[in-house]
Amino acid sequence: MCRLMLYLGPEATLSALIVEPEHSLIRQSVHSKEREEPLNGDGFGIGWYASGHSAEPAVFRSITPAWNNRNLQNLARVVTSDCVLAHVRAATQSSGVNDANCHPFRWRQYLCMHNGDVANFRLVRRKLLESVCDEAFGNVYGSTDSEHFFALFIDSLLKSNEPDPALRMAQALASAIGRVLELVRGTGAAEDSYLNIAISDGEHAVVSRFTDAADGKPESLYYVTGQIYRDVGPTAKRKGTQAVVVSSERLTPDHRWKEVPPNQIIILRRDRAPQFVDALTAAPL
Amino acid sequence: MCRLMLYLGPEATLSALIVEPEHSLIRQSVHSKEREEPLNGDGFGIGWYASGHSAEPAVFRSITPAWNNRNLQNLARVVTSDCVLAHVRAATQSSGVNDANCHPFRWRQYLCMHNGDVANFRLVRRKLLESVCDEAFGNVYGSTDSEHFFALFIDSLLKSNEPDPALRMAQALASAIGRVLELVRGTGAAEDSYLNIAISDGEHAVVSRFTDAADGKPESLYYVTGQIYRDVGPTAKRKGTQAVVVSSERLTPDHRWKEVPPNQIIILRRDRAPQFVDALTAAPL
Amino acid sequence: MCRLMLYLGPEATLSALIVEPEHSLIRQSVHSKEREEPLNGDGFGIGWYASGHSAEPAVFRSITPAWNNRNLQNLARVVTSDCVLAHVRAATQSSGVNDANCHPFRWRQYLCMHNGDVANFRLVRRKLLESVCDEAFGNVYGSTDSEHFFALFIDSLLKSNEPDPALRMAQALASAIGRVLELVRGTGAAEDSYLNIAISDGEHAVVSRFTDAADGKPESLYYVTGQIYRDVGPTAKRKGTQAVVVSSERLTPDHRWKEVPPNQIIILRRDRAPQFVDALTAAPL
Amino acid sequence: MCRLMLYLGPEATLSALIVEPEHSLIRQSVHSKEREEPLNGDGFGIGWYASGHSAEPAVFRSITPAWNNRNLQNLARVVTSDCVLAHVRAATQSSGVNDANCHPFRWRQYLCMHNGDVANFRLVRRKLLESVCDEAFGNVYGSTDSEHFFALFIDSLLKSNEPDPALRMAQALASAIGRVLELVRGTGAAEDSYLNIAISDGEHAVVSRFTDAADGKPESLYYVTGQIYRDVGPTAKRKGTQAVVVSSERLTPDHRWKEVPPNQIIILRRDRAPQFVDALTAAPL
């Protein structure tokens, strides 16, 4: 599996987000604290929204480990953003290490990344692809369960009429989780799925912490809100001072880190406290 | 598009096949002579069968250009084989440059590579995948038209009862060509497909030179037979002295190079002269 | 050899500089117009200064070709800068294709890139390294003539007391050119050196167009000044509206492009018209 | 630091040597057992001698981790050799991750790899380069302490008149160790050097286990002799049945693994039992 981190807040350098924290994602690529298998060296990816340039986010992905990538270190030092998604990968057997399989995945203004796995994916894949619209189908370039899950999300989003963009994303995420579990059941699989999924459009974000395992223990997921990173850049004031980080592990020893409750989706908006909904129904909790 | 080369004969070094010839494939990666767009720098791949080790061929692929790859030069110098497929790529718009999109593609003991393109592939892709069996579907890891075409071939091969392995491959190739043209027509496309496809199982090979373009001009394809490369290794004698090279361009100034006739498949066997069949019916010519 | 481009002006997207122009550097990586050997596919590099973050510029380098690099396309779309150096490489025999050999090279706030070659470099290398101070020596990580030339520049710069930063760079460049020619002569080489060298500190830049070839024809080098790219970002006004591009080839059909005269150095400052000095003496012309 | 493995014996597949053993080098790339820092993900390299082709060995190196490299898995399955050197790297701060910095390094028929580090290398580097002959100097392409150490070995080897090739290598290795310690002392460094160095010419090999640390504990190094790997290929009989593996860690639970004694060099010949000499004097023990 993998490690992920999402940031929504005032403009900050990538370095402040993914390099400097004591347990930063780059350090997690070498030494994850909360997993038995500590290594996430099968590539990485960073997606970020550039204030004032283009709605379409930039993505930088590589099949080399995050910890030794000089381009990443250079970029992180000078690039700023008010919405960042970052991911380090530990490839599972079923899909190879190549650029098309690195998270985050992009469709229009959306970015998606995943920590976990879809049970029995080799059998699920085909029926999943058959179940989505052409637009969602056409966005699949690689062979990961994660990118295929994103196609389900896209399909659900396109069918939704919900006007609130954050709620629409949360509902589409809950719908996609339900649909993939249904597909897994259809294969007769006894395995469990782990679906920590983070999706953003640059202004809002939704992150699920979910498993259907009998022991009810999803992969770890934490969040922290408040004045966490040094603000930079001229847009900081326009966008409010509320910052949120959601991460597979606590990035700092800060006591304010809290767990995202199991089987819930955390909804992030720039101007509000995080909101929690059920991961299968998107109903408020 | 791309350039390809296939060798079937006595054991020879990769270097004698892909590096040393005057117009070798590696030189074609920089300077193709017979195409307007001379550059094939979007990665490369080599597949070869190792005498005496394993039926499953080895594949070495990279997204860096063939001409400057030191690993390739090192390998080529010391690796020998009696059946080699090599490919340099010029990526088309629709599919990215990553390892999963580098030719040759493998399934069981088969290797497949392609020079050309499937018309209107973005629309064809979905119906193509729906039309093949699970085994063929499960072998698609990337997003190229070429790898998807290979899935059609696999599907046709699995449905065949033909006992002669070379003929079975030729029939499956002809069937796959017919099926993909049918799928293209179904999209209402007015574009033309170019299908120079090389497939081998290590002991036999089939290579098509095909287009349905109105002008009847497929991509170039040549072959030469005889005592063309210095034999090496202890297996040379066992396997006969007949060698055949099929290549997008003439590799040497040798006058014996001949064109593969348009819309035909050339069938190669170790112990016989090349045979030609119709690219759509596999009927002898 | 290679192609290079340097920009100094109001903040602009990398895309406006290296992707969009009709004969942009990325297009030159596939098809150079003014060279016999049209291909620059042996990696690339971009260095840029990020307004307001850090004096140390960012560098993004890769051994894959510029034309198919999706990370580069993504970055170019969202990153802005008021001083950019970009380079596409055609490796010469003597040095391998690896990250350490991609331009631009960095030392402190300086970036350096090179189009051309140092004659007889294999023999020059050792004496060159012996002739520079520890600081310059310690900045050499790879095996290109270009990075070694940069060490000469660093050494000359550190010995200079010239207070004007642009003039100091020009004098150090002229000094380094003289020193390397002296080293070449010491090897008894009859070959010619080609030294189109671009160096910047983010606020000023110097670019030489030089050869000691008997025919007096250096590699091509052009410049254009004025209102050439759409300004972006809040810093545009602060820094003046004068923009300058220096490039191995004319990037646009614009009639304002002029040749940098042979064996001169063009000096760029934000607030002044370009100035020309002799490439060997740094004396005004 | 790093992990290394050297094999000298009857022809065997690379896979039998570096993939299949319970604690194979590829597994050590993810999980080293005998080191605090368990990860060796900063690239890898394999060098091997191809019987009957060329005295110059082949080298395959990559900056991606060994554990997920499909080209490596493919090669390992089909390539055979009677002398193999393999290395997985954990980069130290001072040198970047690029192909030129991956072990093993090559000069003529020799391959060299290193586990450990040269104390105070940034200061040692310059004097080291000044102390070697042009031939040794010209073989340095990157910035690792290991490749620079190899230059010392080359220089010592070229000065030697010892007719026995294995002994000549052992003496040159001992000489290079002494010379590098002298250079370190010259910098006034209080740090310790770790010099587990493996060098082969394809027919013989020498491997040192050395440190000048006060606690006298060099990096781990083991060897095993006998009938350890399944012989393959027609050359097996010609070359004797004695096989030796020297490795940073025991590759199998086999009780025959023994430690190479501290500060000794193990000398391997095809037709004899391993011999041990002092790492500083090359005197028999």
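Each chain carries a letter (A, B, C and D) given by its place in the written order, and its residues are counted from 1.
Heads up, the rule we're going with is that contacts are C-beta pairs under 8 Å (C-beta built on N, C-alpha and C of every residue); 3 or more make two chains touch, one makes a residue touch a chain.
Keep in mind the model is a prediction, meaning the values are calculated, not measured.
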{"item": "Third chains touching both chain D and chain A", "value": "B, C"}
{"item": "More contacts between chains, A-B or B-D", "value": "B-D"}
{"item": "Proportion of interface numbers common to chain C and chain D (over half same, under half different)", "value": "same"}
{"item": "Mean-CA-position distance for chain B and chain A (Å)", "value": "39"}
{"item": "Of all residues in chain A, the ones touching two or more other chains", "value": "70, 96-97, 99"}
{"item": "Residues of chain B that touch chain C when the two form their complex", "value": "30, 38-39, 41-42, 63-65, 67-68, 70, 91, 96-97"}
{"item": "Residues of chain A that touch chain C when the two form their complex", "value": "13, 48, 50, 52-54, 56-62, 70-71, 74-75, 77-80, 99, 232-234"}
{"item": "Complex contact set, residues of chain A against chain B", "value": "95-101, 122, 125-126, 129-130, 134, 137-138, 140-143"}
